[in-house]
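Structures given as structure tokens follow.
Next come two complexes, and both contain subunit A; in the first it sits with subunit B, in the second with subunit C.
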Partner chain A sequence: MKLIRFIIPVLLLFSLYTNAQDLVVVVNKSNTVNDLSKREVIDIYMGRYVTFPDGESAKPFDLPAKSELKNDFYLKLVNQNERKINAYWARVLFSGRAKPPESVQSINEVLSHLQNSESAIAYIPESEVTDVVKVVYRLNEN
Partner chain B sequence: MKISQKLYVRVALSIAIVALLVSLATSLFSYISGLEERKTTNYTLVKQLAQTMQKTAAISAYLVDLELGEEISNGLLSNDLVKGVSLSGDAQMLITQGDINNVSEQVSIQLMHPFIPDTKIGMLTLYPDDIYIQQQAQKASEKEVLLMMVHSIIIIFFVSLAVNQQLSRPLQKLTDDFAKIDPSMPQTMQMLSVKKRGKDEVSRLIKGINSLMRALQQTIRNERELRTKTQELEARFRLIFEQASAGICLVDEQNMITTYNPAFKEHFVENGKTEMSSLNFPTLLNNSDKLQSLLQVIREKDNVEQLSLDIECTIGTQTKWLHCLFAKLTEQRDTVRENQETLIEVILHDVTERAEKEFQTRFEADHDALTYLLNRRAGERALNNALSECISKDHQLVLMMIDLDKFKPVNDNLGHEAGDKVLIEVAQRIKSRFNLDTDICIRWGGDEFVIAREIKLSEQESALKQAQLMLQDIELPIQVNDDTSCNVSACIGFVVGPNDGEALHELMVNADNTMYQAKENGRGQVAIFNKV
Partner chain C sequence: MYKYTLFLAGVFACISSQVKANDLSVEFSGFATLSMSYSDDSDIGFSSNYLNESETGFSFSRDSILGGQANITINNNWDAVVQGIYQDRSAKYFNNFLELAFIRYRPQRNWIIRAGRMNSDLFLLSEYPYVGYAYLWARPPHAYYSFASTAGHYDGVDVEYNNQIDDGFLRVKLALGTTTPKLTAGDEQLTITFDDLYILSAVYIKDEWTFRAATSKSDVSNFESMPFNTLIDSLNTIAPSNIWPQAAHFARGFEHQHHSINYSALGLAYDNANWLIQAEAGKTKSDWMVVPSNNSGYVSVGYRVNEMTYFGGLSIAKNKKNTPEIVTPESLAYLPEAVQYATTELIEVTEYAVKRTIVDQKNVNVGAKWYYSDKVVFKVQADHFIIEPTGGGLWDIAPELGIDVEHNVNLISFSASLVF
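And then the complex of A and B:
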């Protein structure tokens, strides 16, 4: 709980900061995939496929729930807000075949996952892009 | 009465037939339209079902999630309306459940990509269960038909009940009551009972019948009273007619008797017979020709209303005098029938006794009690009549004054009784010579007689001859008692009027004088008046 108390003001600052930022979808630098289409991103994030188009397994990460970034991401991707996305997952979880992306606490945590795993895929503000990741999709692209 | 003839049954049957036909027609219509409607409704329901599952099915197709797809299919199939479900997506994604063969119609909806607009990712097809839908529709229609029938039957029952209560029963009662009435027996004409405040047609009919019967009863009662009165009156009149001592009869224009009473019959039935000899009225009486003309006169003359007459009639050997009253009968009622006969009523009494007495009285008044010749008073009247008759007819009247000779000695010697006998005998001898209807023989007084005879001019001689013969008759002996007879003679003064006197008085004086001349000439003479 101490952690949450600490994090929330950070996130608030974060969000203010990132609001004007474009979101990008990133993977491990060593991943063979260089570019993803919007449909491919959707298919991975909405649980249709658990692999990249080349057959390597993919493991998507979500930013914390109710965060500005997460909401923004889904709005831009499938034109649905977080609540609808949650409703979708609630429906899909019924059969148990597909799973929602794993949720992380912060962008740093996302970055560490991206660094450690070749199959990881996540969305971050463009300003947060580091050397360990490469951009495969830009959300302002249409 | 057969039940099928009862009104309310017929009404009920009519209603039943109409209701059944209408029910059947309505049911058929509602069945057909209901089937179609239900089918449409069910198809709509199926479509709505599909739409309900559209999103989830789209997700399952997107995720190629067969479990979710089957879950959806099973869910849809559990609905009675759905016979088969087919969910198709990618090549790997095809779920088919239930019977999808032999189904003519299907409801398909597109499955859209949940995240990318306007992108189709599959198709959800539902196959409606036509048989079930049809059965459903049929069941609903059958139920409707059944309800309608029950409805009809209930209506029929209550309508029959109402008709029976309101119409048939009152009518039946009316008919029964009416059947009890026998028009020939007025006591059966009781008033029919009626609802006091009834204003319907039956009540009005009953009231009408009642007032008709009341009027009829009144009329019948009046008729009866009238008839009783008439009968009483008729009986009385009949009694009067039949018990009357006077004979009564009606005579028609042919003089035939049409009606008569027992008293009348009694007058004209001969002893030992039961019927009258004839029904022709005049022939029953003497002098029938005269009677016929009399009846004719009564009929024709308007001013002659009635007339009475004594008529002689001979029944068998009996002669009767009947006093007859003839009266013309006129119709007293206003309506005079055409060609009506004039009847004459005849009322007659037997007046034989009275007539004989009258006859006797008159005879005694006019005749000499001893000789039965006319007495002087009656004789004078007769002579006057005869003289004026002769003058008017230009005839002559022989008048003879007769006086007996030697009569006084007979009276004196043989007594008055012998004298009377002589006078009677002489009178008879005079009468035997002058016995014509018109001859007049008078005992003028004492031993004087007068004879008058109407003659024509040429007959004077024969009259004279007759007088002389008469004188001879008188001179024959007259037996006055068993052992005595006597002889008388007479003288005659012979005059002829009006030559010898236009007035009776003059004639008589002349005859008297002439007779005395004869006396002077001797006994047993006829002297003829000789005008100086």
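And then the complex of A and C:
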């Protein structure tokens, strides 16, 4: 009985942690885009295109530098850690090709941008999804 | 140049009617490298690229640089970029410090049109040769990128198409423009105008791989150089007399008229979690003796361990032997002493000018890059250069040292590069 009392909270905690790290890509609820492929998310987050596939403007947001979520996002998306992403954006920015995603300080700030702008796109833990955004891609999909 | 100015004027007139004031935003950013390096040959000056001052011994300015950029968003379809750099240029003209100044229009998701001053899209590092934070080395490989800096940017227009092809990303660009680099050779200033410059380039990126191919052609429409112009005048003066039958050939060879330069390059990069491998090969085809035909290339291998990347590489540049050997006419001995002296001197100067432009060098380097923070990297690099006899075209070799002998130069560099 003691063992069960111990295991249940541990399993609960583990499931919460896992959900928190299940990243999803979200856009404003009114955005006409309902679904993005991994390649299309890469196109936007790596500055290859500045629009969604339907041609509407896309403005990507990044979570804070050195945050576990940001590092996790890029590792899952393009298999590159934050160091390589920083070097990549130095190349792209100073070649004049594109600007990096705007960095925000918190998930609440991301949600605020998503609520106010139809062109906003961001990644957040699935547990933070609210009714002002819609999920267009799950990082665990391939 | 007037045709591009007219084009730009048209572009600005066109967008001015479309821009809403509240769409306009300007963002500033910058990059810098502070470098200290030491070259162990006090008679041979080294410069990291052809536009910069050559220096011997200790130097803080050899690879140091400061760059600033403004990204101006006009609306969803239009934006502009201006970038200036400060580096130890040998010719200190505004033109040599303005790196980018273009306006861009995206008529559709897959198409981009730009006009103004842009980086020549010929090499893997073409678009960011001065951003030390972004690449491994203390400087782009010398044998490959030194002379390339003279055509590092151009004024004109380009059209780019990009699309997903077979799970990879393809970018094809066609550019048309002109460029007029000002540099110094020895103590003399030199200006070349490359006109009707066409560049066709393609880049394909798939997973860890980047493939690149580019080809270009340009006409030499103007060449201003006191020593070369004096030499050309002297050769043209003596040519009709037939005292030295080769004089006319060399006069035509040095004159800028009716010469064009073709350049083609291939590049390959592999970048996974640990390995960063990069190689490029280029071929210059030219009948202009000031910029003779040339092959160059390099291979670089880097390995990442946590915050450190250790690297090593080889680079080579070699001219093709397509210049005829200079022959002193036997009949010279039968001419008056003054004519003999003047002709002999002209032949010697011509031979020196021909040899001085030849590039034949090898380089091996090892180094490390330390990713200190998300804004700052530190680097250390040791280079060994072998300059083959008559192959010092990229170096400032003191005349008394002789250009017909091999020279070896060691260079060690420490630098900090940052972005802000």
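The definition used in the following text is that the second predicted complex is superposed on the first by the 122 of 142 C-alpha atoms of A that agree within 3 Å, B and C clash if a C-alpha of one lies under 4 Å from a C-alpha of the other, contacts with A are read in each partner's own complex, and residues count from 1 in each chain.
Rule of thumb we're sticking to: a residue touches a chain if its C-beta (ideal position, glycine included) is under 8 Å from a C-beta of that chain, and two chains touch if they have at least 3 such contacts.
Source: prediction; values computed, not measured.
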Combined model on subunit A: subunit C and subunit B, fit or clash: clash
Which of subunit B and subunit C A:83 touches, first, second, both or neither: second
First, second, both or neither for A:57, with subunit B first and subunit C second: second
First (subunit B), second (subunit C), both or neither touched by A:47: first
Contacts of A:39 with subunit B and subunit C, given as first, second, both or neither: both
Touching partner for A:95 - first (subunit B), second (subunit C), both, neither: both
Which partner, subunit B or subunit C, touches more subunit A residues: C
Touched partner set for A:125, first subunit B, second subunit C, both or neither: neither
Listed stretches 61-69, 205-213, 349-357 or 385-393 of subunit C, narrowed to the one that overlaps subunit B: 205-213
Doubly contacted subunit A residues - partners subunit C and subunit B: 39, 48, 79, 91, 94-97
Subunit A contact footprint on subunit B (complex, rising order): 56, 59-60, 62-65, 67-68, 71, 114-117
Of subunit A, residues touching subunit C in the complex: 39, 43, 48-51, 53, 55, 57, 65-66, 79, 81-84, 86-87, 90-91, 93-97, 99
Subunit B-facing residues of subunit A, complex: 39, 42, 46-48, 77-80, 88, 91-92, 94-98
Of all residues in subunit C, those that touch subunit A in their complex: 27, 29, 31, 67, 69, 71, 76, 81, 83, 100, 102, 106, 108-109, 118-119, 127-128, 130-131, 133-135, 162, 164, 167, 169, 271-273, 307, 371, 374, 419
